[in-house]
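Okay, so chain A shows up in both of these, paired with chain B first and chain C after.
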Partner chain A sequence: MSRFEIYSPEGLRADGRRWNELRHIKCGINTHSKSADGSAVVEMGASKVVCIVQGPQEPETRSRVREKATLSVSVTVAPFSTTERSKHVTNDRRLQEMSANLQNLFEEAVLTHLHPRTEIVCSLTVIAQDGGLLSCCINAMTLALIDAGLPMYEYVSACSVALFDQTPLLDPNNVEETELASVTVGIVGETDKISLLILERRLGLDRLPPALELGVEGCKVLRQVMDKEVRRHGAMRLASRAE
Partner chain B sequence: MKFSVSELSYLRSSLISSPPLRPDCRKPGQFRPVESEVDWLPFTNGSARVRAADGSECIVGIKTKVVARSEGSLIEPSVDITGYKDNDPLPNSLAEALRHTLNACPELTAQLILTEKYAFRLYVDCVVLSFTSHPLSLLSLAVFRALKSTRLPQLISSRDDTLVDEIPQFNDDWDAAQPICTKWSPPLVLLLAIVGDNVLLDPTDAELEVAETALCITWKNNAIAAPIKNVDIGSGKNVGGYNPKVLLDAYDLVQSCAAQVVSMIVS
Partner chain C sequence: MSSSDSENESDVEMILEKAGLVTPGEMITDDTIWMRGHGTYAADNVTYSAVAGTIERVNKLLSVRPLRGRYIPVIGDHVVGRITEVGNRRWKVDIGASQDAVLMLGSVNLPGGILRRKSDDDELQMREFLKEGDLLNAEIQTLYADGAAALHTRSLRYGKLRNGLFVQVPASLVLRLRTQVYRLEGGIEMILGINGYIWIRKATSTNANAAPMDVSINRLEQESNSMEIYKDENDPIPPSTRQTISRYANCIQALVYNEVGINEARLRAVYEASVVYTDAGELLDNTVKTDIVKQAMATL
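Right after this comes the complex of A and B.
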């Protein structure tokens, strides 16, 4: 049994949110304009991820020369990102799996056939983690790829949902994520079709549909937030060009 | 960046002329502009972000943990560079350089000791997001800023535990935390390139390409301090040794301009 009251009978979570509320989202695009082709920072609550995209560029190794662009994703977790300091090794299995997931997801969303024989290098750096790590990475990568000017079908947005008994809880923080089973949902655009689904613990099959539904709703909100940021930045760039 | 033979030759002859003519028109003792931010990471005791004008960026987070004093070194630096593996020589040599510099600082170790048996261990974790020239200077600037902003929780139990075994107790109030840098200033490592008989502060990548060697000099409490040593820059095109007189010039240059560098990053 948890030391914390995850979800009170009045319908409030430990941090004061209702079951269907996201945490505060802050995103920035083109944050590292001098050192990268595309860059973005996404904060979801206390989690913070920086994504830097280089490319499309000439691949470093011949194995990456293909008829479409190769996405290479690397994830670095800063040792100070968690409450208790922990040094990750670069070839950590969890991180490798996460970068493979990101690569698969984005190879569907990016029009890679338009840039044959090139490589797109995405480096994600996790600066602070408080739950929803994968979803935060996905959202940051979408914005950075858009900033790099790569053609994409639509925004990719992701959000996680934890299940407290029968109640799905949107965008769980670290405490909720360690206590409960959670599922990460990723969608491309504003469809109801799920492109990414990652479940890390056991969950009753009958409880999955409401969780997925809530997750998709969360993704749509995130897409709007990201779209707003892209448009804000675009308008700023246009205005500076007109001067 | 790759340069042609004629480009390198042009660069070298302009840098060895007297006074040296640097490609970006800087004076020999002029640092490139940097901007920095402190105390911006929520989960750390002290943190800093330093960005250079060319887009190089370094993030440092300092965290502490109470350990028994017998458990080895109290200062644990680590360096991660995006795109580099853990066993790459560059991040490891940078971490080693930081370890040397910080361990050669008795004021810092004195601040970390809690009781006869316990002490804080300081984890200085650096992440280099991107860099164009040798990242040592930038890293050191970020560590300097982060140490300046580091605060340690206030001890409320007794400092003397030789007779009675006692686990250290701390004040819950974060506002009562003590800054680690009270009357002293953390060390700052400055990178200098030696080209001919000239010494150049904060060399760019191109300048290092034609340099004989690079030198790192530590600046602490308004004076030059240990360690002072050569840095492997890996170019090795002009290996021919250098005039020992240049070392004195390097000393003079650091003495005349280090205070400016410190005031630049603190403001």
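Right after this comes the complex of A and C.
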């Protein structure tokens, strides 16, 4: 297999996975219990995102007083998160768009009408990036919101799919993501209902359905992993309470 | 108990059985006889959980209590709060809930007697009584439709706090009891706000008189005559008392670290267990925290 081969004829990718394999997922809930109402860390392969949720709390500005809770999302990328140290960028359009996407997505998923006149502040920090940044952020935010005890309809889980010719590749890493067109899929719960779909490059319409199908399957696995973590932490908490 | 209740008994068992823990989106029941309470939502007549927590049942009302979350105000709760804003005839008070509570000028005791009308002058000198950053203890008087709370301090038990140390803990770890004010060993008094805000102070003679039993109307009028109750300066506090206060604060932190609910008996026990460490600062070590809480819980 050549060094630059993305997907070998034998069906192996550069990092040794097959087309339908996710990277190693590690998630933690309530990781920063002292400093936040809700917190979570999600690692997908070498990507790592920390999410801190404060609130619901009194809005900082009057403009955020509404008849439902306002979500304010901010994404920060640590300068050491890439292989080459990047200079600090204050107003990155990509990050702004990402936080807008996250805000729209979660305003639908959280029962915001139950907390009128409040603000929920979500701060995401990207510690390491190796592809699938948006999906990593979504998964971290879901866990952090659950940890904060906020009412949600369902888990929101997301993962991305890259397309190599006709073959969809699940959960691409940075190399695959830069070489190929990729699509990020987000679903609510274990249904096939897609709540988020972001495609940043040109793609033939006929190539999209298999990618979506694979993406949804990946999301379902992610939901299970996250649910397991929530239950593990919950059981621990209940046990310490019962003592 | 009506007959229909007993018929459902097995059903109830089933729901509560699976209910060690539910997570968002998990189906609780598809039976329509249940009423849906907090932490649940309905879609197509099926009740789902909206939070990660445990199912609780009161008659036909099913609700899910989240594992974590902010303090939810309840009328009559004794809370400790911090002034965040001085507004038009009212103060805004941070009580750790999702919204700031309101303390109306009309619901505080002002110098010059309890039965005095609030004048425009009072309105102008509101900052003389309570200003931003001041701590106070109060009772929740009413709740508004959106869940915000209104406070009152119309008793000598309540009012501005001084001579002490503020400790914040998760509200879920404070156990609800008949009274929230304790006299502790070493001349210390503790106000255990149900919202998880705690005030540990030097016990003074006036504080002692303010114990719930001794409050009489006469006393109230006499004491509230002066500006005394809104005084900012601390009384002189000897170093030994300061040590004791910080020891209690660290004992509370130890209970929090081990996720043990806080009440008077437990705090006393932990304090006794902590005495072997001569310096209060030693209690900040995590292994020490676990040790003293284990010892204390064994004695109870």
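Heads up, the rule we're going with is that the second predicted complex is superposed on the first by the 239 of 243 C-alpha atoms of A that agree within 3 Å, B and C clash if a C-alpha of one lies under 4 Å from a C-alpha of the other, contacts with A are read in each partner's own complex, and residues count from 1 in each chain.
Here is the rule we use: a contact is a pair of C-beta atoms (placed from the backbone, for glycine too) under 8 Å apart; a residue touches a chain by one contact, two chains touch by 3 or more.
This is a predicted model, so every value here is computed, not measured.
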Regarding the shared-chain residue A:Leu170, is it in contact with chain B (first), chain C (second), both, or neither? neither
Per-residue contact with chain A, leading partner among chain C and chain B: C
For A:Ala140 in the superposed arrangement: first (chain B), second (chain C), both or neither? neither
First (chain B), second (chain C), both or neither: which does A:Arg85 touch? first
Touching A:Gly38, do we find chain B (first), chain C (second), both, or neither? second
Identify the partner contact of A:Ala235: answer first if only chain B is touched, second if only chain C is, both if each is, neither if none is. second
For A:Cys27, is the partner it touches chain B (first), chain C (second), both, or none of the two (neither)? neither
Would you mind writing out the residues of chain C in touch with chain A in their complex? 20-21, 23-25, 39, 41, 48, 50-54, 66-70, 84, 92, 94, 98-100, 146-148, 258-261, 297
The chain A residues in contact with chain B across the complex are 32-36, 46, 50, 52, 74, 76, 78-83, 85, 87, 89-91, 121, 123, 125, 127-128
Can you check the complex and tell me which residues of chain A touch chain C? 30, 37-38, 55-58, 111, 115-118, 146-155, 189-190, 227, 230-231, 234-235, 237-238, 240-241, 243
Chain B - residues contacting chain A, complex: 41-44, 47, 53-57, 59, 61-63, 65, 78, 80, 82-83, 85-86, 123, 125, 127, 129-130, 132
